[in-house]
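Just passing along the structure, written as structure tokens.
Chain naming follows the written order as A, B, C, D and E, and within any one chain the residues start at number 1.
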């Protein structure tokens, strides 16, 4: 069963999963936070933040990768500080791939969560407040459950995007088998040489299978979340 | 058993280099990992401190760029097997063109496009543009050129019948059953197609030199020739 | 002073300008639709911050815009029963009910969950989500949620509007006990004069965003002009009485008033208990002579003290019965026919049956909650 | 048959099994919270499709699961006033009001927009969104929206629950006119016995998803046992009368009954108009002798025909007054003291003031709508 | 003012705008439709449609471009029919770029609209039904206005994605200045040559300016739509 993919291809599948899950998980909390800031905040620079969040969508992925390389590379201003102070290295590591995917998927996550926040009935939050819940608790026990559909949708988008992200990843962390070679970069490599089509197709199928799994899981989660409202 | 040799190589070399790597690994028992991407991306990554030991570029330009920044070891630079540039057409096409000075591709193109790799950025595109200029055909077709992201994509356009003509490497054209090689560009019409290889300045892996040396060996030569590359294998001037 | 409000607030085209003080343990807000009742309650509850002014409850300043004070709503310890339910859709009924409890200091968790659930008749709903409840069921859960938060201030915005009478009759005594024993000030919005008469100790009447009257319930309820919308049926006098005896065989209780004894349907209260009684003007017949052979058991002698303004066919006659003043609403025709005038001795006739629970305030307490 | 319902429907743990026929122009649904009133109305309105059964209105089959008939809701031409408003948040009040009109054939657009708006007192709200309305304002807009759809069937689920009495008093006559003139069958859910007594021509009593009684209003209202939640106050007899004269100076109107003349507050109706009057059992005093010098204007002679079951301190006495039968609720003590027994001649005493609009059904019509 | 970009660069800017607007506009109606089917429909193959819609996100853009070429190319099964029957040609045309962008942005649009549909109160639709509106009218006068925030968000995402889409476009319709050279492909080309950074940066800025404009426009629209609810 396992031999329809080569060990190296399996490595790419595993790595892609790891990268996509990490990207999704790591962007979740900041994504919800930023969505809140953008939807509810009234601060100077809100619009700038909005634009910043959308940039990964607007710019060609290669540009995003290049910017990441300049910023988070070994010699980049952020990368060098992170490496020296905290020992966190992104350059040419799978973590870098995850960072690239997280950033590329970030606008999608934020938008989905924002949409949900917009529809939350503020009156319910007020009601929770009168019952003694301070804003943090209101967020945790009322708002968060109510925006679950948006969070799930955002996670799906973020995960799916990470499964397909190629331009920023290969530009930022290259395409090192076992370390940064994700499914999309592996597929890309195969399209660059004669006779690679079959391999590309196999990997594409693997990617689709994973995504179907993720979609089914998300639908299941969403149904569960929805049942909470209409049981 | 030390660290693996990390090779940054132009994506178009994948087939030949994968085989070469396997042979080298079998012979030495050492291991190499190869990261395939566009030469430009790889060069920029080396600039940014990528942990590459060996760099194989698709053309001289990016290698020169790194050399200018003192990021490779000039003494190790070698030009690896090159390639020939050919004009291709879909296999059912009956078009005949002979690539001589005074060339005019318009009749052969008709209303179609000439598929090439990006003529500013991608080596195969630049070589093709140079050749067409040399043959006096560039001005006539330059507005008809469909520039693909890379030479494989250009080949695909011809192979799918989207474009009636295309300029690609012979190594790619030879194995695509859907295209026919119409003609090969004369060697002098464009700068020689070579793949410069070199050790990076930052490499600390002693096995990197061994890998680079192996690329120049007869075994590697055979592998490259099997994949349709022309072996030049001459030390850089 | 239990409740001291002096605020101004604009809301779109509507301006609220409310200024009143209330000593009442249960202050009723009364006024037509759109007069600003909910807005006022929201200001007390901290859901809106008034543009100007000051609110204090039992001496605790909740808002004072001048001094920049604004206690956030989650520190006010309120139980707010909203006009529109506002149950949490993602929590089941039990979780909704217990929501406030999570945030109540352990030592202050006094309300008995089981008792409240039984009072409201929602045992069988505990595992359901609000979306699967009927309108009245939602409202009952909302009441329970507020009660179980062990609030220091209870805000009730038409809490019983869509409940049936039987359920209301069960809930009233509980509210009365909260009012009388709990030491929890209550603000109640209601359109039902009967409900207000039964429950309120103070009344604030709003119209068009302004307070047009406020004061003790007994006093305000006397002024029919404040209750144009109540219809003439509900005017009446509140008098304080005391249980003086029981006639068990007939299921009757005797109440001592200054004018004499009132016989009313049985009250399960010990002799001596003070009971407030509302004598509705429409229920009182005046007679020049003490009637004989009549089913009405209550005949109080008194003297006409004054007349109200004639209102359509009717006129209110105030009768002084040994110090307690009653109001009888009779037709102008009768007044003329009987030549009624101030100083004339008359007998006020009231059926015992006319005293239903609604009219007998402060009588709750069968349940042990 | 105006309304013919025979359905079964499950909804979670709740089973509705409703079977009744109603000849009434206005059928009231009555029952405790959670008894299935809304579910039943939803089935009539086409919001839920019953599992089994048949519903027809004025002979038109709306649902028949056996024959696979299910008229979609948008073809039923209903005006449904929902228990919870359901205004369209993206439309302003005017657009909400006119929503149904877009889908009404031009020829059938009869309801007068301005008149309805004035009736409901919502002129000043027309440009607002529902989110900027108070609770009662929302409810009024919802009523207007349903009325302006020129429905062929009006479904009202506690439409007046949170309105003040003055507003209700203005809306009642309108509903009465719809009922009596419009030929639009109305289904009304209400917890208020007074409201039902005033408006209903038929009553269906629900409990626990089952119909425990149904029939003409006068008949059902007699049975106090069906209205345990109504409190004893509201029992009474409905009698049909006719305007026999006016006494303009005193603002009084005379009604002819079989037992004699009733004097009531002025009704602005021509002589001869039929008027339905509810004589509340709690308002009637019985006297062995015709009383003298008393403010009560109505003294109807009659004969005791029967006694009800004693209920606590009280007992209902049925008195036959020339063919109309009245019910007087008196204490057992009085009954014993006066030695009341069937066949004994008595006088029923009723204050004119006891007849407020609420008790005088079918009397609407000051407004020209 | 106009000379900070070369005429050819201006052409790319104009083309990018045209392509992005077309892609957004063209995918709007199908996007809303598919969102409805996925959210409300209970038909066989729903899950398959769901996966299909997400594929452009999951697959590397190059693969999407490749698939488009196979399907919508001159000899592709769909492309040949369209060309013969309707004279619609995508190959090497800006319309092809728009198609590629539309497809790449489609999952984003659909997700946003779905999220909004999910939060629509079905009871309002029922209420409209009782007032005589048939399902089509209910959709038009109740559902559609209520999901406007999701539609606007979806349009923003679709437009932004189209402004940044590169891989599928260049693979499908290649890079013909004036015809298919959009901003991202122009930027990409500049990043491929040593010393192209300055030009890439200029074009990137142009791209950001356009996107800021689009974002502001969308926020304005969203505020208008929201005012409808809370005025």
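One rule holds for everything that comes next: contacts are C-beta pairs under 8 Å (C-beta built on N, C-alpha and C of every residue); 3 or more make two chains touch, one makes a residue touch a chain.
Owing to the predicted nature of the structure, the values given are computational and were not obtained by experimental measurement.
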Between chain A and chain D, which partner chains are common? C, E
Chains touching both chain C and chain D, listed by label: none
Quick check for the class: compute each chain's Cα centroid; which one is farthest from the centroid of chain D? B
In angstrom, rounded to a whole number, how far apart do the mean CA points of chain D and chain E lie? 58
Here the gap between chain A and chain B, centre to centre from mean Cα coordinates and rounded to Å, is 35
CA centroid of chain B to CA centroid of chain D, Å: 91
At which residue positions does chain C touch at least two other chains? 84, 128, 132
Sites on chain B at which at least two other chains make contact: none
Expected list for chain A, residues touching two or more other chains, is 62, 66, 188, 191
Can you list every touching chain pair? A-B, A-C, A-E, B-E, C-D, D-E
Of all residues in chain A, which touch chain B in the complex? 62, 65-66, 69-70, 73-76, 91-92, 170-171, 174-181, 185, 188-196
Going by the contact rule at the top, pick out the chain E residues touching chain D in the complex. 123-124, 126-135, 137-138, 141-142, 145-146, 228-231
Partner chain E, residues of chain D touching it in the complex: 45-47, 72-74, 76-80, 82, 84, 86, 88-90, 92, 99-100, 102-104, 128-129, 131-132, 145, 149
So in the complex, which bits of chain B are touching chain A? 6, 8, 11-12, 14-15, 33-37, 41-42, 44-45, 48-51, 150, 152, 171-172, 174-176
Chain E-facing residues of chain A, complex: 47, 50-51, 54-63, 66, 107-108, 111-112, 114-116, 118-119, 149-150, 153, 156-157, 160-161, 163-164, 166-167, 183-184, 187-188, 191, 200, 204, 207-208, 211-212, 215-216, 219, 226
